[in-house]
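Which chain is which? They are A, B, C and D, in the order written, and residues in each are numbered from 1.
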Amino acid sequence: MVAETKPEAGRPARIRRRTGSNAMSVFAKQGILIAFALFIVGFAIFSDRFLSAENLMTVIRQSAIIGVMAIGVTVVVIGGNLDLSVGSMLSFSTVLVVDLHDQMGPGLAILVMLAATLCLGAVNGLLVGYARLNSLIVTLGMLSAIQGLVLIYSGGQNVDIVNQESTWFAIFGRGYVFGIATPIVIFLVFALLVHVLMSSTAFGRRVYAVGGNPTAAVFSGIRRSRVVFTTYLISAFATGCAAVILGSRVMGSQNNVGQGYELLVLAGVILGGTSLLGGSGNVLKTVVGVLILGFIQNGLLLMGFAYYVQWLVTWIVIILAVWLDVAAKRGRLFSPIA
Amino acid sequence: MTDQTPALRLDGIVKTFPGVRALDGVSFEVLPGECHALLGENGAGKSTLMKVLAGMHQPDEGRIFIEEQEVVLPTPLDAKAKGVVLIHQELSLAEEMTAAENIFLGELPRKRFGMVDWKTLFARAGEILKKLNCDFGPETKVSRLSIAKKQMVEIARALTVDAKAVIFDEPTASLTDAEKVVLFDIIRDLKADGVGIVYISHRMDEIFTISDRLSVLRDGAYRGTLVTAETDEDEVTRLMIGRSLDYSRNVQHAELGDIALEARNLSCDPLFRDVNFHVRQGEVLGFYGLVGAGRTEIAETLFGLRHPSSGQILLDREEVHVASPADAIARGISLVPESRKEQGLVLGMNCRDNMTLPQIGDLTAGPFVANGAEIAIYDQYRDRLEIKAPSWRSIVGNLSGGNQQKIVIGKWLAMKPRVLIVDEPTRGIDVGSKSEIHNLIRELARSGYAIIVISSEMPEVLHVSDRIVAMYQGRVMREFTSDEVTEDNLVQAISGIGGERAA
Amino acid sequence: MNNALTWLLRNPIWGFVLLIFVFFSVSNEFFFDPQNFKNILVQTSTIGLIALGMTLVMINGNIDLSVGATLALAASLAIDIQGWEVFASWGSWAILPGVLAGLLSGVLLGALNGFIVWKTGVDAFIVTLGAMLGVRGLVFIYTQEQSFFAMNFAYSDFGASSVGPLPTLAVLFLLFALITHLLLSRTVHGRNTYAVGGNREAAVNAGIRVGPHMLINFVIVGFFAALAGITLSTQMGASTPNLGREYELWTITAVVLGGTKLSGGSGTIIGTLGGVLAIGILRNGMNLMQVPAFYVLVILGTILIAVLFLDKQLTRRGKGELRT
Amino acid sequence: MTPKMKTWIAGTTAMAGIALAGGALAQDDPVTIGITQNNVGVDSYQTTYEQAFVDAAAANPNVETVVLDAGGDVARQIAQIQDLIQQRVDAIIIWPTNGNAVVPAVRQAHQAGIPVVITNSNIAEEGMDFIAAFSGPDNITQGAYSAELMCEALAEEGQDPAEASGQIVQISGQPGYTTAIERQKGFEDRLAEACPGVEIMETQPGDWNREKSQRVMEAFLTKYDTIDGVYSGDDNMGVGALNAAKAAGRADEMAFIGATNFAVGYEAMERGEYYGSIYQSPVDDAEAALQTALDVLAGEDVPKLNYFETPKITQENMTEFSKPVF
């Protein structure tokens, strides 16, 4: 066989630039962690309470609900789709699990709720995975439809767990495991599990492939529809888990409890550097993204700012973080578009 | 010729990208009325040079002259205004706009309030399309045109200005032979009008058909200019890669085994009808025909991407229904698809992950992917196919076309298929890699694979195949053994002339 | 007849509009009434105006999620500023600086979004998702959580006024729809919008300055969002800081129902008009038929998905399609 | 949901009937009353209100209703008011999504000759000329009552509540909504008079949402070492704050005051964890609104402002009140 093949000019340079150790590429890989560190240092300077172990635990515990959902949505986004229905789905699952709790006990309630939530995820999955409809619009439609379902189910009434003191259901939102608040444990264990799923299993590889190039994935024998379908099941399952934490933490639920969560969840995923185009992303970085959102909210509150200042800061942080990420990947700060 | 004023002249162009000198003092000229071919392997610097010419890149050193006037070309629009037009390889048209709008994109004629002057636009575009002998009107939406007609729109763009030099970048990549003839007529017309043509192509036959002179680049440096009429393929190839290539007809007859795959009256309306063929172990079956003759569609049907409307597929003499690519893979059929970037690879993934993608479900230890097994497979096929990549972690999108294609082939070899279908094995890759891939296909056949090769390049089909199936408009026109095939009867068969219709 | 049919095939949403129009006309006695049609036009004008600008941005292949917040900011500015002491002696003319400030805020925010998209190369979805939060923050900072009330009834009279037989707001909406339609189909900028969204590379190579081009479209959608905020505030004679929440979602829905592709490159104002009317007629009709609110949510969501599904079936390329 | 369906069907049939009768309103003809609510389903109060309203209307054979919900969106409410005018209902009851923003729509109804009754939270001063009457609780007074409860709760044994001192935090309702604004104003103004020694350290919104309020309270607990009292814009948020304080083990050191007594607040009060609230019955609210509208239609001389009673409720007097159903 002929041995001489010339590498294409320009290519080695690009490879070098990516793997090189200059400041840009450090940003490319770890920009989000650096931003995270900067925030923590910044808040720590301005508020002496910020860095207390108690406060840090509070923030992580508060972030757990959005965090668990964001992990599920990260999987969907890596697969090249969006899931905006998770907000309504959280309302649905929380109302369901709380309402069923007093009727059939915690264990069965959780199982029935998870089954119902997975059914909603399956509808998303069928429409996006098998019918190949645009995920933004499908999940937008589901956002509205599920909110209606919740209200029809509950008749618009709040639901409450009557006997709050004597149910083991309390452990998920209020309890502790080895001295660590259960929501934190659920959040981190879930993150770790999904991280392993995405990075070390055949399924994970298939999701990256389908998100990166769906046609090539099909040409490689991957059942694209099934993979997409499964990502929606994962997202629904994650939402179900978040609902258990939420329901247990509040011991009751309003019908609109998840309203607006879909965009916060997406903000966390985006801050974690997952590309909306699909095919790339990292579950653990989503955790960092969600924590940044949590710390912004908590830190500004501790510093005495009005709650709406956090929206303004989130705006700036989202754009700066994603900008740096994008800039590092292309090797220049500003877009080359004329 | 040299006493003429060049239409376009480059002098000592240097262009560096961080870490690499893409162009190293290249000088080049094209005379009015001349077709000057530019050759070089992928990565030799052709694209960079072309982009410098078209105002898309700025040279670090060196000067550009148009009719001996030194010019600076900061944008493509400036280049166009000064009479240098680039016709892109990949169609760059806006589908939802009319042909006329695409032709005058960026400089639509205006009336008051920024309104488009449709009358002028259609009149001028119509004139140009007429000149190109196009059978569609300027108000046709581009999305309704065939690929060849889209290419015409692309070419029409060059004629909107008083062009001094027109650069064609691989213009025939998606054209049928008949359409090529039209294109060459257009190039000749342009030449007759005194326009200088820069013609970039991998296809040696075209270059010898159309060019007057040719220049060769290698590793970003200028290697020499030859007068086409006074040279031959060998000399050019040597100049390009520093050695000569064997590109002869296939005369080897391998030991053939049993029939591995057979199609009986296979139809997929309206793409192809009543197709019969078989391929034996150790045999290379070539499919030759024009674009749209139904070859790729047959491959897609065998691979489960389409369901046949009637007929049978037999694998090892047993009838099978291939439901999906996953099913095809399970049955031992592999397809190296036509378009490696769109169908073959996940460009953002690394080499190893791409290569093991079809079998990732089997490469597991417990629930996890077995890393070691994966790397072992990658290493094995990297060595066997001599893939040049910095490491298995390298992102596939950063590799050269030839190496990308080898990854796709490796990916399917690693499946150890019974039947390997290769659709356009060497499209868009350079001469050196081409020959490697041809040798590889032969070698695989010798080791017992049943191989189907689909190609639009006649030398390629002649070079690798034991038998050739000629297709025309969805039907098999004739089947040739390598002894009976000639270029003439093959061309006739795929043009629907003569040939026995295999019903 | 044949022409009408092909036209309908290209704009299936108008078939749907026709269908629900007939359905509600037959099934509800209050529906088929000129006054009700005027109501529908006024009610759809808010989302409709934003949708006009959104169509341009989406044909560009971008999206703007910040329109709801922009709408609230413009409404708050318009109402608050016309009440400033400085303009106390201006009489009804005090409305003018308020309206101008509101429109200006929309233009500036649109320009900011466009500029960020242009210079940073960050996806418009992300840029405007951030802006959606941030601009809402600006609204709350400016208003200090308060609603504002227009002291001058001339302002809300405008919202209730008529030009001939038609309500002013409806006329305004239809007028701007016509202007945007002409902009998109007849002007160089409008045609370039398709080029930028359909094939950005080609547009760049043809010398279209894609960055500034997209910026202009963001300015246009910002302007329309602000205008919608002002027309909405004339209906209320007031502004609230929560105004326009989730409007971005309904606007996008309307534009997509109208046939604009999320990937860019295709779409028309006529389609968008159909999408906006479809949602408006459904809401109005269901109100008149007293469909319980909870069911309205389910029905709207289901119809959205169903229309998308049907559209996909209608425009499928038929048998030649690969089973990927 | 069944009664709702029934009303829907009944309503449609009734409307047809009215149309046949040519719209002439004789003495014994049923009257049609349209209502557009703020945001049913966002909390149980509004849902219970709606049911009570529908039930009350069903009990009266001469009343047909058209029940709509604005889903919290001002523009949609305006559209619904227009749709109700379009249907030529006899009277319109509005639960304003925003007190300012519905004024022009109310004016349109007024000009169309349809009497308007505002329920639950009043509209802006400018619109008072166009309404027939307001019926609902007095949110300013409720805020003031809560302030008085706070003073009592913080007063030492035997101390005059006016002498009470302490540091408290406030969790307000959804920003921008009239009820939230009025309660906050009533509370802050009255607190400054009733016990000047009590200082509000910080106010953050809980958006009528228990989980949100729980999160806000968690931040307060981190930030402040001493919190003597918590005022929440309703009991739903108050219980969220209580949850947070209990989790931090600091519930005993502070007094919880709410408004709009919810069942969960009532139970917490029974257990002694929750100091006091304001008892406001959605059933009273709904019935009062319907009655006001009927009175207006009957041509009676109805006062402009009809406040129904919303008394203070604490552990001491809670037996006088039945447990809220929501």
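Worth a mention:
Definition applied: contacts are C-beta pairs under 8 Å (C-beta built on N, C-alpha and C of every residue); 3 or more make two chains touch, one makes a residue touch a chain.
These numbers were taken from a predicted model, which means no experiment stands behind them.
The minimum number of touch steps linking chain B to chain C comes to 1.
Distance from the centre of chain A peaks at B, each centre being the average of the chain's Cα atoms.
Chain pairs A-D and A-B differ in how many C-beta pairs are in contact, and the one with more is A-B. Averaged C-alpha coordinates give centres for chain A and chain D that are 36 Å from one another.
With centres defined as mean CA coordinates, chain B is found 42 Å away from chain A.
Put simply, the C-alpha centre of chain C and that of chain D have 33 angstrom between them.
Remark: chain A and chain C have CA centroids separated by 29 Å (rounded to whole angstrom).
Among all residues of chain C, those that touch two or more other chains are 140, 204, 293-294, 324.
Across the assembly, chain D contributes 1, 40-41, 175 as residues in contact with two or more other chains. Residues of chain A found to touch two or more other chains are 151-152, 156, 215, 218-219, 308, 338. Under the contact rule stated at the top, the pairs of chains that touch are A-B, A-C, A-D, B-C, C-D. On the chain D side of its complex with chain C, the touching residues are 1, 4-5, 7-8, 11-12, 15-16, 19, 40-41, 66-69, 71-76, 78-80, 82-83, 86-87, 98-105, 107-108, 124, 126, 174-177, 181. Within the complex, the chain A residues that touch chain D are 49, 52, 54-55, 58, 62, 65, 150-152, 154-158, 160, 174, 246, 249-252, 254-257, 298, 301-302, 304, 307-308. Contact residues on chain C toward chain D in their complex (touch as defined above): 29-30, 33, 35-36, 39, 42-43, 46, 140, 143, 145-149, 151, 156, 159-160, 232, 234-243, 245-246, 283-284, 287-294. Interface of chain D with chain A (complex): residues 1, 40-44, 46-48, 50, 175, 202, 204-205, 208-211, 214-216, 218-219, 222-223, 236, 239-240, 243, 247, 262-264, 326.
Contact residues of chain C toward chain A in the complex are 116, 118-123, 125-127, 129-138, 140-141, 204, 209-211, 249, 252-253, 256, 262, 293-302, 304-305, 308-309, 312, 324.
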